[in-house]
Structures are given as C-alpha cells and as structure tokens.
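Structures for review follow.
Next come two complexes, and both contain subunit A; in the first it sits with subunit B, in the second with subunit C.
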Partner chain A sequence: MDWIQEFLPLSVERINVWIGALCTFAIYSILYRENPFYRFFEHMYIGLAAGYALGPYLVDVIYRYWWEPIRADGIWWLAFVVPFGMYLYFIYNEKYGWVSRLVIGSLIGAYAGLTFQAFSSRYLPQLQGALSKVLWYPPNATGEIYLSTLINNWIFVIILLSVLTYFTFSFEHRGAVKRTALVGRWFLMIGLGTIFGNTVMARMALLIGRVYYLLDSWLMIRVGGG
Partner chain B sequence: MFDTTQATWAAFWIIGAFVLFFALIPLLQTLPPRGRYMLIAVFTFISGLFFAAEFFLPVNEEGKNILTDPFQRLQGSLQVITALSLGLGTYGLIRLHLRNAVQRRPQWGYSLVLLIAFVTMAFFSVWNTLAEKELLGVQRTPLLERAFTLLFDYTLIQLDATMFSLIAFYIFSAAYRAFRIRSIEASILMFTAMVVMIGIVPLGKFISDSMGLPTTLTDEMRTNPFMLENILYNLRLPQIANWILNALNAPVQRAIEFGIGIGALAMAIRLWLSLERGIN
Partner chain C sequence: MEQRTLWSRMMSIDRRILYLILAVNIVASLMARVAIEPDVPPAVRNFYETIEALQPGDMVMVSSTWSAGTLAENQPQFEAVLRHLMRKRLRFTIISFSPPARDISHRLARRLTSEAGYVEGKDWAHFGYSPDIILAIKGMSEDIAQAIRQDVRRAPIQQLEVMQGIKSLKDYKLVVDITPSDTLTAWISYRPANLNIIYCPTSVMAAEAYTFLDSKQILGMITGAKGAYEYEQLLGIVGLGTRFINAIQFSHVLIITFILLGNFAMFMQRRTQA
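For the complex of A and B:
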C-alpha cells in the first residue's frame, strides 16, 4: 500500500514524474504505428523547443552582445546591428524581399572569412602534426619510443595518405593510384564502421536512460548500484 | 549599478538607428536590379574581407592588430544577427501553424497544440532568462520555478531524450541494410562496427575473460612487445576496439576533416566573391 501511495501522482513532484513518463510513452507509441497520441506530443515538443529557444538564444544573446555593450561600454555603432538584422524579416515580402539578402550576404561573407581563419588555425597545424610523426629510430634526443608507437605512426601516415588519395578527384585514378585509392576506401569503411558502432552505442545509452527513468523515477524500482 | 543616463542615451541611439535603417528602405528600393546585386556582392565581400584580414594582418607584442578589437565586437554582432535569424525561423513556424488554426485546415488541432505550447514556453523561458540576468527588475517567483521546472525538466527534456533514443530502434533496420555482406567494403564495415560495439561494453571484457586472455599488463610484458602474454593481452576485445578507435579511426577522421576543410575553403572563396549563383 505504501508503494502505491508513493507511486500515484498525489504530489507536485509525482505529477511532474508522471508527465515525464507520459511523454516517454507517447513518443514510443510511434513504434507501433502513427497515432493521434504521438502526433499531439510531437507538436507539443516542437512548440516547446521553439518557445524555449527564445529565452537563452534570443533575449540573452541580444542583451549580452548588443544592449549591454551599448549601455555600459558606450559602443554606439552597435545600435545599428539589430535594425540591420531586422532586414531579414523582409524575406516574406515580395516587394522588399531582396533587402533581406543584404543581411544574408553579410552573414555568408563573414562565415567565409571565418573559414579562412579556421583553415589556417585548425587544419594547417593538424596537417603539420600528421606529417611530422616519428617514423624512424632514433626518434629524438632521448630516444624514448615504443616499437608499437612507431608501428602506429606508420599506420597513421599510410591510412591518411591512402584515404586522401581516394578523395582526390583532380585526375583519373589509374595504376598505383587506383590501388591506393581502393585501399583508402577500405580504410574509410573502417572509419565509418567505427562511427556507426559508436552511434549505435550512444543511442542505446539514451534508450537505457529512458528505461532507467521509467523504472527508477516513475515505477520507483531501484535498479543498479550507486 | 544601473545608470539611467547611459540607458537613455543607448535607447536614443537605438531608436535613431531603427529610424535611419527603415528610412533607407525606400532609397534602396530605387536601385535597379543590377545595382541591388552589386550592393549585396559588396556587402558579402567586405564582411568576408574584414574577418579574413583580421587573421592575416601582422600583430604587435600583445598579439593584436588594428582589427582585433572591432573583430571581437563584430563576432558578437554576428551572434546577434544569427539569433535574429532564429527568430525568423520561429516566425515562419508560427505563421504556418497560425494559418492552419485560423483557416481550420485538416488537423488544425495539432497546430493549436503547437501554438499553445510555444506561447506558454516562450513566456516562461523569456521570464526565466530575464530573472536569471536580473533584467528589467524581473524577479524569480515560486510560480516561475514550478512552471519552468514542469515545462523544461519534466516535459521538454523528457521529450527530447525520448525522441533521440527512438533512433535506437530504427538504427537496427539501418544496421541490417548496412551489414548485409555483399562486398568487401560492407564486410569491413560490419566487422569494425561489431568489434567496436562489443569491445566498448562489458560484454567484450566478459568474452575476453572467458577465453582466458590475460587481464592485466605487467611491467615485464610492457618492456617486451614480442612476449606471448603481451600479444595475448592485446587480443582482448576492449584492447582491439581501443586500437581501432585510436590507430585506425583517427587517421581516417583526420583525412575526412582535411577533405571537408579544403572543400569548405573552396566554397568559402566562391561565396565570398559572389561566384556561387543563387545566393545573391
């Protein structure tokens, strides 16, 4: 009897838990087939997600990066940012729609400029790191390196070059290049297999989390340690 | 402390900026199509040039150049405009569902559910953000605490986690299609995925233990890579999975990243110079 009293939604805390369980069952009901129960909660989810974004992503960002620098630091030219950004909203207007492209163009240009930065600061050091791996004995002044590290470094360089060969489309793959590209494709399959395996396990972890919520928080059946 | 003079000046500037920008629209409208295209191309080029130049200009002892400070401000501005574009997406969603509900289109009830959920959550989310930042004198109240906890922690988070865990069911049918051994590539993919999946969970350890493979690496084994125990230890499933992740997967990911990087660079140049048709 005690368990039933605790289980039923007779307190605010338990009502919250029951709503969480209801949401879980509603979404999982799609596994059986499309149904109104699922559709109701699906639309509720989209509405809640869109509504939530307004707080942290709109109000907070505008306050932190626009209002506060103008008010506290006196950066007056920032006052033009939001009116300029508001040009975006003309996109639905047939007559003035092109004005929104000024903002879209600026955003695209800015992100293109940032891509140059990203390439120089991210990819070039990575390329340098990849091609400066120790491949021979003696590796450095102290000479401390395991044989396994040396073998792994060789594997790293061979895989990197063969996969990059596979991605080269500037010329036709023939002879040795074709064979290297084929090996590169096999290595690529290893990478994709790893990504797939990791994705499956991550989704399974989420599923286990939901089952744990239902058992532990909703049904109050204590499972596992800790 | 909140300085009302500064706030008044800020409001003055903002109103002035709004008036100026909206007064500009009739003037912009007088431009011919070619002029409009040129203006958009100029905006794209200048903004790209600024962000690229900041990185390539020489820096002083403090690691700064003439563009560093405005760059940081403009990065913030970029975030503001991106946030406004989020508002644009929300506006589009709400407009669509509002039209569904008002015109009583088929299944308009679901649109109504979406609108009610949106308005309720938006109200409490904005309230919560204002209270958190102590803006406009907004205070945290028990109603806000209770409503936000219910809407966020016990509804949105639960729906979010369930929605993403749903993929766990569908991924099995995807796995069936991917794992049908019809070529060398599919076989490699299947073998790798199986080893990684089994190796990173306790099942991998259990299988390795059952096969009697060494469970620990001793100092003696560490110094002699050709020792039988060492070789057997490295044949344990968790060790193999770890090796695949670090030694085989890492260079593949690196190569994919380089491919993406070079592709992004080429695309960035095309966009920056307005060579990509259909954007401007």
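For the complex of A and C:
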C-alpha cells in the first residue's frame, strides 16, 4: 500500500513525474502508428520550447545587457542599439528595405573579422600537428617511440594525402592520382560510417534515458547496471 | 498462392515487433546486475588526468549548452565532471549558450553542490544564458565582470566570493565544454592561449573532434553516456553512465544481430528466387 501511495500523483513532485511519463508515452506512440495523441504532444513540445526560450532572452539578454546598463550605469547610447537591431524588420518593406542592409552589413563585417582570427587559432595548430608527425625512428632519438605510434602516423599521413587528393579539382584525375583519390573517397566513406555509427549510439542513449526515467522516476524501480 | 519461405517471412517482420524486442532488451539490461570491465581509452584517461593535475582553488569554466533533447548523454557527463571538480576542491563557474540549458544546468548544479557542501556564490557560480558564444568568450577574455555583469541570481559578478582574484578567462585554468552543438570550435578559436580545453560531446559530435585531440587543441574527451561510464570508472563512482552502460551495450548487440539477420535473410531470399 505504501508503494501505491508513493506511486500515485498525490504530490506536486509526483504530478511532475506523471506528466513526464505521459509525455514520453505520447511521443513514443508514433512508433506504433501516426495518431492525434502524438500530434498534440509534438506541437505542445515545440510550442513550449519556443515559449520557454523567451524567458532567458528577456532576463539574460534584454534586461542584463541592455536595460540594466542604461538604468544603473547610465550608458545612455545603448538605448539606440535595440532600435538599430530592429531595422532588420525593414526587410519586409519594399520601399525602405535598404535600411535593413545597414544592420546586415554590420553583422557581416563583424563576423568576417572574427573569422580571420578563428582561422589561425583553429587550423594552424592542426597543420603543425600534421606536419610534425614522426614517420621513422630518429637516429638520435632521446624519447621513446613505439612501433604502434609510427604505424598510426603513417596511416594518418596516407589518409590525409589521399583525402586531400580527392578534393583537388585543379587538374583531371588520371592514373596514380585517380587511384589515390579513390582511396581517399573510401576513407571518407569510412569516416562518415563512423559518424553514422555514433549517431545510432546517441539515439539509443536517448531511448535508454527515457526508459530509465520511466523505471526509476515513474515506477520507482531502482535500476542498477555496471 | 505464392509459398512463403522462412526468409521472406523474416524480411517482412512488422517493425513494431522489432521495437518491442528492443524495448524489452533495454528494460532487461537496465535491471541486470552485470558488471562489464571497461577498457578506458586514452582520450578519457587524459580528460581525467587534466582535472587531476589542477590544484585546489584553481578556477574552471564549465560551458554547459545541453538541454532536454540530449539529457541522456550530457547529464551523466555533467554530473561526473562536477563531482570530480568538487572532489578536487576546485572553484568553477557555469555558462550556457542556449536558453533551456541555463535552467537545467543551474538546477542540477544546485543539487550536486548542496550534496558536496559547495555554496553558490562562494565556491561556484552560474553566469546564466549568453546569446552569442563568440562575443561572450572574447568579452570574458578581457573582463568577465564587464562581459557577464550578473550571475543567474542577478548578483553582480565582481561581488561574488568565488570570483576573488579572477579578472578574465586568462585567470582560469581549464574549460570543460559539455555540449551537443558546435560550441567547441568557438572555444578553440577565441579562448586565451593559455587556457586548456577538455570536451564532452554527444556521440554524434565525437568523430569530428578527433582532429582536435590529435593536434592537442583539446586535451581529453568523453563521448556520450559511454564515455561518462568510462570516466565514472576512473572516478570510482556509480553515476548515470554506469547505470546506462549495460543497456547501451546490449542494445547495440541486438541491433547488430538484427542487421546481420536481415542481410542474411535478404541474401538467402535472393538465392532461393534465383
């Protein structure tokens, strides 16, 4: 009887759990067949997610970064920032559409500048890493180099060169270049297969998470594992 | 009437039966008390050792941009990371770059920190939601108090005890990026040069991050719930990763079996028809 008392939605916390269980069953009911129950909860989920985002936007963006600096710190010129951003909506007006381009131009300019910085800090270390691979035992090696490291490095270089060859379009692929590009394509396929395999694992983990919720939180069955 | 063979029957099994088998398999393996010894990969070991190498009182930034959609993968990571940080008596701050991530991470952190005796504002803080990751990182690299202004409870940043001696991201020792989206490249591109990064992606994101591991742009990585399990083994705790791992492994075995059986049946059916 105690278990039933605890199980039933007789407290705010248990009502929350029951709503969670109901939503889970509703969303997964699509696996059986298309149904209005599923459709209702799908739309509710999308609506809730969109509505929920409004709170953090107002509190953490508009209030924190706009209203408070104007009110508390007297940074009056920020008052012009939001109206300037709203110029974007002129895009819907045929006559004054050009006004929106002022905002778009500012954004593009800022992000173009940021991208230059990102390029050097993102790709140069990778280039350095790729070019500094040890491919044979150095004659005066002071550090320990394992055979497995050498093999890994060779595999890395072969894959890198063959994939780069595949993406070289400056000349026609013939003979050895064509065969190298084909090998590169195969390596790409293996890479994409790995990503797909990981996607299956991710989706499975999401399902397991919901089943765990139903068992642990809703049915209050303490599950173990490991 | 065409005679149906075993192979044609196998090829036309109702998909709902397969879903049911999968569900039963997951329930059974979640309940099973089977311990599978993990083979901890170097990326997870490096992740663990990067945090182990920090000194008590060092400052860590936890970038938490996950929400309900990837809860099953990112929550085990988030919980294990916070437990590790608190075990090492490190100070930490959390920031979110998606609106729903703010409340989920704040609520979870409050629960975990209260269990460990950490006090919000004194030992840790939550910076709330920031709408643009690039501007946030660049701003925090110069002056955190100016860039963030208030924590999630609206307390001014410069008045928080946890921020004593911390002016910018340059004073932090580490960033832990827990995310299902592409926030890692922003951290790599715009962080101060001395700031190390470790990474907790969902399984989908992990394959693309190996290039960053290879170039040492990130020092360690735990992949999805499976990575969380391996990390929990190093920490010696039973968390969500450990609870999920049997179901993850057995469901994969089942799916691989389905794929093999399906392909074998298709092959045999074609052979029979020929």
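Keep in mind that, in the parts below, the second predicted complex is superposed on the first by the 191 of 226 C-alpha atoms of A that agree within 3 Å, B and C clash if a C-alpha of one lies under 4 Å from a C-alpha of the other, contacts with A are read in each partner's own complex, and residues count from 1 in each chain.
We adopt the following convention: contacts are C-beta pairs under 8 Å (C-beta built on N, C-alpha and C of every residue); 3 or more make two chains touch, one makes a residue touch a chain.
In this text, all values refer to a predicted model and were calculated from it rather than measured experimentally.
A.B. asks: Considering only touches as defined above, state whether A:Gly191 meets subunit B (first), subunit C (second), both or neither.
C.D. replies: So A:Gly191 meets both subunit B and subunit C here.
A.B. asks: So, does A:Ala49 touch the first partner subunit B, the second partner subunit C, both, or neither?
C.D. replies: In the superposition, A:Ala49 touches subunit B and subunit C alike.
A.B. asks: For A:Val223, is the partner it touches subunit B (first), subunit C (second), both, or none of the two (neither)?
C.D. replies: In the superposition, A:Val223 contacts subunit C only.
A.B. asks: Could you look at A:Ser121 and tell me whether it touches subunit B, subunit C, both or neither (first, second, both, neither)?
C.D. replies: So A:Ser121 meets both subunit B and subunit C here.
A.B. asks: So, does A:Met201 touch the first partner subunit B, the second partner subunit C, both, or neither?
C.D. replies: both
A.B. asks: In this superposed model, does subunit C or subunit B come into contact with more residues of subunit A?
C.D. replies: Looking at subunit B versus subunit C, the one contacting more residues of subunit A is B.
A.B. asks: In the superposed arrangement, does A:Arg14 touch subunit B (first), subunit C (second), both or neither?
C.D. replies: Neither subunit B nor subunit C is touched by A:Arg14.
A.B. asks: Using the touch definition from the top, say if A:Leu160 reaches subunit B (first), subunit C (second), both or neither.
C.D. replies: Only subunit B; A:Leu160 stays clear of subunit C.
A.B. asks: Which partner does A:Tyr32 contact after superposing on A: first (subunit B), second (subunit C), both, neither?
C.D. replies: second
A.B. asks: Contact-wise, after the overlay, does A:Tyr212 reach subunit B, subunit C, both or neither (first, second, both, neither)?
C.D. replies: Touch status of A:Tyr212: second partner only.
A.B. asks: Does any part of subunit A touch subunit B in one structure and subunit C in the other, and if so which residues?
C.D. replies: The answer is residues 31, 49, 52-53, 55-57, 59-61, 64-65, 69, 114, 117-118, 121-122, 126, 130, 156, 191, 194-195, 198-201, 204, 206-207, 209-210 of subunit A.
A.B. asks: Over in the complex, which subunit A residues touch subunit C? Could you list them?
C.D. replies: Interface residues on the subunit A side: 31-32, 49, 52-53, 55-57, 59-61, 64-65, 68-69, 114, 117-118, 121-122, 125-126, 128-130, 156, 191, 194-195, 198-202, 204-212, 215, 221, 223-226.
A.B. asks: Quick check: in the complex, which residue numbers of subunit C touch subunit A?
C.D. replies: Per the stated touch rule, the residues are 16, 19, 22-23, 26-27, 29-36, 69-73, 75, 99-100, 102-103, 128-131, 134, 138, 149-150, 152, 185-186, 188-190, 202-204, 206-208, 211-212, 214-217, 223-226, 229, 238, 240, 242-248, 251-252, 255.
A.B. asks: Along subunit A, where are the residues that touch subunit B in the complex?
C.D. replies: 12, 16-17, 19-20, 23-24, 27-28, 30-31, 39-67, 69-72, 74-76, 78-89, 91-92, 95-96, 98-99, 101-123, 126-127, 130, 146-148, 152, 155-157, 159-160, 163-164, 167, 184-201, 203-204, 206-207, 209-210, 213
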